[in-house]
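Common to both upcoming complexes is subunit A, partnered first by subunit B, then by subunit C.
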Partner chain A sequence: MHKFLIRSFVSSLVLLFTLTVAAVAKDVKAAFVYIGPTGDHGWTYQHDVGRKAVEAAGFKTTYVEGVPESADAERVLRQLANSGHDVIFTTSFGYMNPTNKVAKEFPNVKFEHATGYKREHPNVSTYAARFYEGRTILGTIAGTMTKSNVIGYVASFPIPEVIRGINSFTLAAQKVNPNIKTKIVWAFTWYDPGKEAEAAKALIDQGADVIAQHTDSTAIVQMAEKAGVYAFGQASDMDKFAPKAVLTSVENNWGPYYVDRVKAVANGTWNQKDTWHGIGDGMVVISDLDSQMPADLRSKVKKLQADLASGKVHSFTGPIYDQKGNLMVAEGKTADDGMLAGMMTYVKGVEGDIPK
Partner chain B sequence: MIIDINFVGLIIASIMASAVPLILASCGELITERSGVLNLGVEGMMIIGAISGFALMTVTGSLIVAVFGAMLAGVLISTIFAFLTQTLITNHVATGLALTIFGIGISAMIGKNFVGIPGKEFPVLFESLKDTIPLISPILFGHSIVFYFAFALPFMTNYFLKKTKIGLIVRAVGDSPESASNQGINVRLVRYACILYGGAMSGLAGSYLSMIYTPQWIENMTGGRGWIALALVVFSTWNPIKILIGAMIFGGLTIIQFHMQAIGVRIPVQFLTALPYIVTIIVLVVISRDSRKIRLSTPSSLGKSFHKDN
Partner chain C sequence: MIKIVKRDQPSKAIFFFTPVLAIFLTLVAGGLIFFILGFKPFEALKFFFIIPIADKYGFSELLLKATPLCLIAIGLSFCFKSNNWNIGAEGQLTFGAIVSGGVALLFYEQEGFYILPIVILAGAIGGMLYASIPAILKTYFNTNEILVSLMLVYVSKLILDYLVVGPWSNPEGFNFPETRQFSDSAKLPLLFEGLRIHAGIFLALAAVVISWFVFYKTYLGFQMKVSGFSLKTAKYAGYKGKKMIILVFLISGACAGLAGVGEITGPIGQLHREISPDYGFTAIIVAFLGRLHPVGIIFASLVVAITYLGAETAQIFMQIPKYTGQVFQGMILFFLLASDYLLFFKIKFIGSKK
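Moving on, here comes the complex of A and B:
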């Protein structure tokens, strides 16, 4: 009896396995590796929205969340590559080396690494979004809407991505209002609603009447709503969390890129690429502009958005000086991608030092 | 920078608001520990309270149901701990740690459907008086009912432990369960009650975070506040009034740090994050040098299982 049970169990397992393999072999399957939980309502959440767009386009997807940027990442990647996935998206900077390492072992699997720069094998592509373009728009709005001329900025960690955002924001704000001061508070977290709210409160208590954020939770816009100041949504449209405070949001929109790339795998047209898309390609989306903004500001922002999209306007157009007054970008020139990717100095007009 | 008196009031009010979850959870844990039980599951119970409160608020729309539901959720999860440690006599430390891991996991699972939903506005009291007296008004008025409850709780806890018969029984059970048992006290029953009470307060603390302080749900939103609450109990040397002071210091550290940053003064963040624990260790070192102080403050049977009672 026992033997019979075991035998039928094993045979059904084998059958199941064959069925799975057969199913896998038929259509393209995409896998996503996330640094955080999909419940963070920020970075990972937006990638997962993109994954759902891939599902909606008719492809099978899997995801693994909360994968540390260590040897664990390699193990997860190997497992995904081994289990019949045709394309794997690794959605955090720290997966750069594991992605390239595993890509070498699986030349038939395509790898897409977000925010990195290493493409050591022909089956590795990289992609990122020009969020700083969105921050140019936010800076323009903040510089116009502030009455106290103090703008608060809650930052996460001192990395080029965040510094670039602060610079782009400040340059735009100063352009419309040379008297503004940007006060920066580093929260040293990507999401901890309590801490983010406390950081925003400190800035508001010190006179800031517009708050920008480079952390993920909605606590900051909610705090702004309570205090009666303006704020901007991060990563997704946060208007419903603070209808009065949120003037607009910069949304991370990975869906179109993901669908595009998975389709390319299905059609056999996938090739190695380095993608850095901004407003023009729809990877960075500006949410609806709040009606509290004066009509002329709204039309100005719309125009700026169109110009950023067409490339007529660049967020980092010279002359740009650093805090000590050294020329970073000469008049009439724009910052190249190399400079943007490694930006670790504040531009003139930003107060304080970058913490170590 | 000119120090405006209203500005000081605003900072103190922010510090008090950030101290609320710490006071609630610590006062609950203090009662648990005074009965001789060490429950390291505060973080887990808090996060369960946070998701339960938020979920109930979203589903039922009633704030009262949500707040009491969060407390009940804290009670339910602490029942697991009570059953394991009191009935099955498992190790307190291991069970408490397991409770935290369990709480974080299950809250993430329940919370999947509640990410990205805005919370409801929680009513505040005496808002019209908020601008009447400089410095004092922002501190005293315009807060939620939970805020006022939290600041009354240490005094009520103190009164309960020192002046009531049941408080005396709790202390007796924590100091010498054998003697208490010989006096005819049901040690297991008292400890059960104290654990469940601790769960209720942790649940309330969690719901304060997800419903009042930052009305939203995201995974792991308690962010280690449960551990700080645990450190706070030790810091206070099991004295509820000192919890009040400690919570203001521990909660205030981040806020002061942010204000310093906005003014332009830099303090290493890592140091400040570690400070509550460093201070707690210093307090432990200081009290452990004096055996009389240990005797007076630490519940003698803290963390020890009690078998005899039947």
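Moving on, here comes the complex of A and C:
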């Protein structure tokens, strides 16, 4: 509850501030392109929460949902750029090439592409969140709460983003419980409740009593609730879907970034950037910690959260070994962003191979 | 009093009239839905069906969208006319795209006039290979082609996933699931500067002409028609049923494969996980709306294509949920099937009897 109060207080402050600013700023219109429906309670839902923050800050917004990453994306982008939008947020990796292509044709429109790496024109920025920091928290909780020492992990696609998450999670879990094993099931989907539930079931059948996920639906936490094991919410606070199973969630909090960038467009201070924000900048938020967790674990998590935010603790601090025992990060060192961005090897303690 | 009477013969006039009726009823029902959702129905319909194609760019996008739908639906009409229920065009499209994309990647950073024809041919062959699986299983093992072709769709998508995640992923692409961009020689030429409409439209038009010729001017077309009406008659007439089944599947697969080629060597320019927003399934609606007639399919593909564009425009300008486009596609098929009732029955108004 207290967190809600703080959040509302902060957002009303932000609102107050922006109302004063918006009064002098010119009319800026922002557009958002979504991969899924706004009601997915995962990835797209959270982007739409961010869009609403932009509306609350006094700007006009438009969104188009369910835009496939096929040839259609380019048409939607061009239409948005053509119809008076000043800044367009494209919120899925697959929009990378269409975003850069359309950006070339509309140099006066700003483009913000989530999770990509191409910034071919000065009017294209990219942004992503350090979700792996959130997974360090989840790993700590999972390693403490497991009794079977088997932790299940439903993964989507073998890309660095997902491998990084698995590694960060496993490293944190090992730190509190050296005996744990992380079992992975690759669902090869970002959003497919049926497949995700099946994957979770397979992991539970193999003895996993805590399930983590890197897919977007609520099917996994609901399956965990039914089976009486623990789970973590993904992208949004999924507690209400499985109140007993969900220990906490890692929320994607895009609002502050979106408001910031739209304001920059309004003030004429927008510049090309590559943003990668974590817990410290508030892009990654940890939901309320469930009361089933022992009090000392909760305070430990709170401290870890503060340390990750301040930079005192880094998710990838050496010594880190890969599955074969080769040193990946030396003692006392931390992995740099280049290594994190291209991470394609499991750390020790993860079972199985990365699908190739 | 109203009485419903069975017709002696299905009415030919009604046969071509019902698609128009279905579209009309869809518009009425669509307007009603908009009204219930709290939007002005006429304004919404305008944003859905007129605004998106009101300028040259919009019209070119309509043709771009209709091209794969038309091509696949033409191919499917060969199957459907002869009682072969190929539901897996989406898989044949995907596999055609995989084969043609693989060839295009072989020619990475190479130039040459010969590259594009090889890439196109590879796509057609890929689609044919994939369509031959349900065809052969049906002819020699009596399997149900609906199930086999449908299930193979998911298999093809998994193969594509595997390739773009693993062996074919862009070496400079940070392991994201996509291949390199094809070289210009492996891409279909654009027809106009600044528009995305590409030479693939000629493939669709050629398919229309060829299919018309085969359906109405050849013995094969006649055989297909007879088999469509009655398999027993076809057998009695001594037609080589197995050969024909395989042939129509191959034609259908080639068309779907070419549609895949058009997408990846046209507007997309690479392989990734989502090369088609289910064109292979939507084309089934197109084929039936066009009454399996080549000219009908042209019109039907334009009508269905506009539901995609309209849904985007309506969301951008009126905040109508984009998924309404799918509702429209569903309604068209629903009303078409419902009005087919009129084919076999007529409504008679007779004076009240006492």
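FYI, the second predicted complex is superposed on the first by the 328 of 356 C-alpha atoms of A that agree within 3 Å, B and C clash if a C-alpha of one lies under 4 Å from a C-alpha of the other, contacts with A are read in each partner's own complex, and residues count from 1 in each chain.
Heads up, the rule we're going with is that contacts are C-beta pairs under 8 Å (C-beta built on N, C-alpha and C of every residue); 3 or more make two chains touch, one makes a residue touch a chain.
None of these values were measured; they are calculated from a predicted model.
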Next item on the list: Specify the outcome, clash or fit, for subunit B and subunit C once both structures are aligned onto subunit A.
Entry: clash
Next item on the list: For A:Phe188, select first, second, both or neither according to whether it touches subunit B, subunit C, the two together, or no partner.
Entry: both
Margin query: Contact-wise, after the overlay, does A:Asp337 reach subunit B, subunit C, both or neither (first, second, both, neither)?
Written below: neither
Notebook entry, point to check: If you stack the two complexes on chain A, which partner ends up touching A:Gln222: first (subunit B), second (subunit C), both, or neither?
Noted result: first
Next item on the list: Pick one for A:Glu55: touches subunit B only (first), subunit C only (second), both, or neither.
Entry: neither
Margin query: Once chain A of both complexes is superposed, is A:Lys240 in touch with subunit B (first), subunit C (second), both, or neither?
Written below: first
Checklist line | Touching partner for A:Lys201 - first (subunit B), second (subunit C), both, neither | finding: first
Notebook entry, point to check: Given the touch rule stated above, what does A:Phe157 touch, subunit B (first), subunit C (second), both, or neither?
Noted result: second
Notebook entry, point to check: Does subunit B (first) or subunit C (second) touch A:Ala71, or do both, or does neither?
Noted result: second
Next item on the list: Name the stretch of subunit B, from among 80-88, 134-142 or 242-250, that runs into subunit C once the two structures are superposed.
Entry: 80-88
Item checked: Interface residues of subunit A shared between complexes with subunit B and subunit C -> 37, 188, 355
Checklist line | Touching residues (chain side subunit B, partner subunit A) in the complex | finding: 7, 10-11, 14, 18, 108, 111-112, 115-116, 118-119, 209, 213-221, 223, 225, 254-255, 258-259, 261-264, 266, 269, 273
Checklist line | Residues of subunit A touching subunit B in the complex | finding: 37-42, 45, 152, 183-189, 191-199, 201-203, 205-206, 217-219, 222-223, 236, 240-241, 351-353, 355
Next item on the list: Provide the residue numbers of subunit A that touch subunit C in the complex, in ascending order.
Entry: 31, 37, 62-72, 74-76, 79-80, 83, 93-94, 97, 117, 157-160, 188, 341-342, 344, 355-356
Note to self: List the residues on subunit C that touch subunit A in their complex, please.
What the structure shows: 61, 64, 158, 161-162, 165-167, 174-178, 181, 196, 263, 266-270, 272-277, 308-309, 312-313, 315-317, 319, 321-323
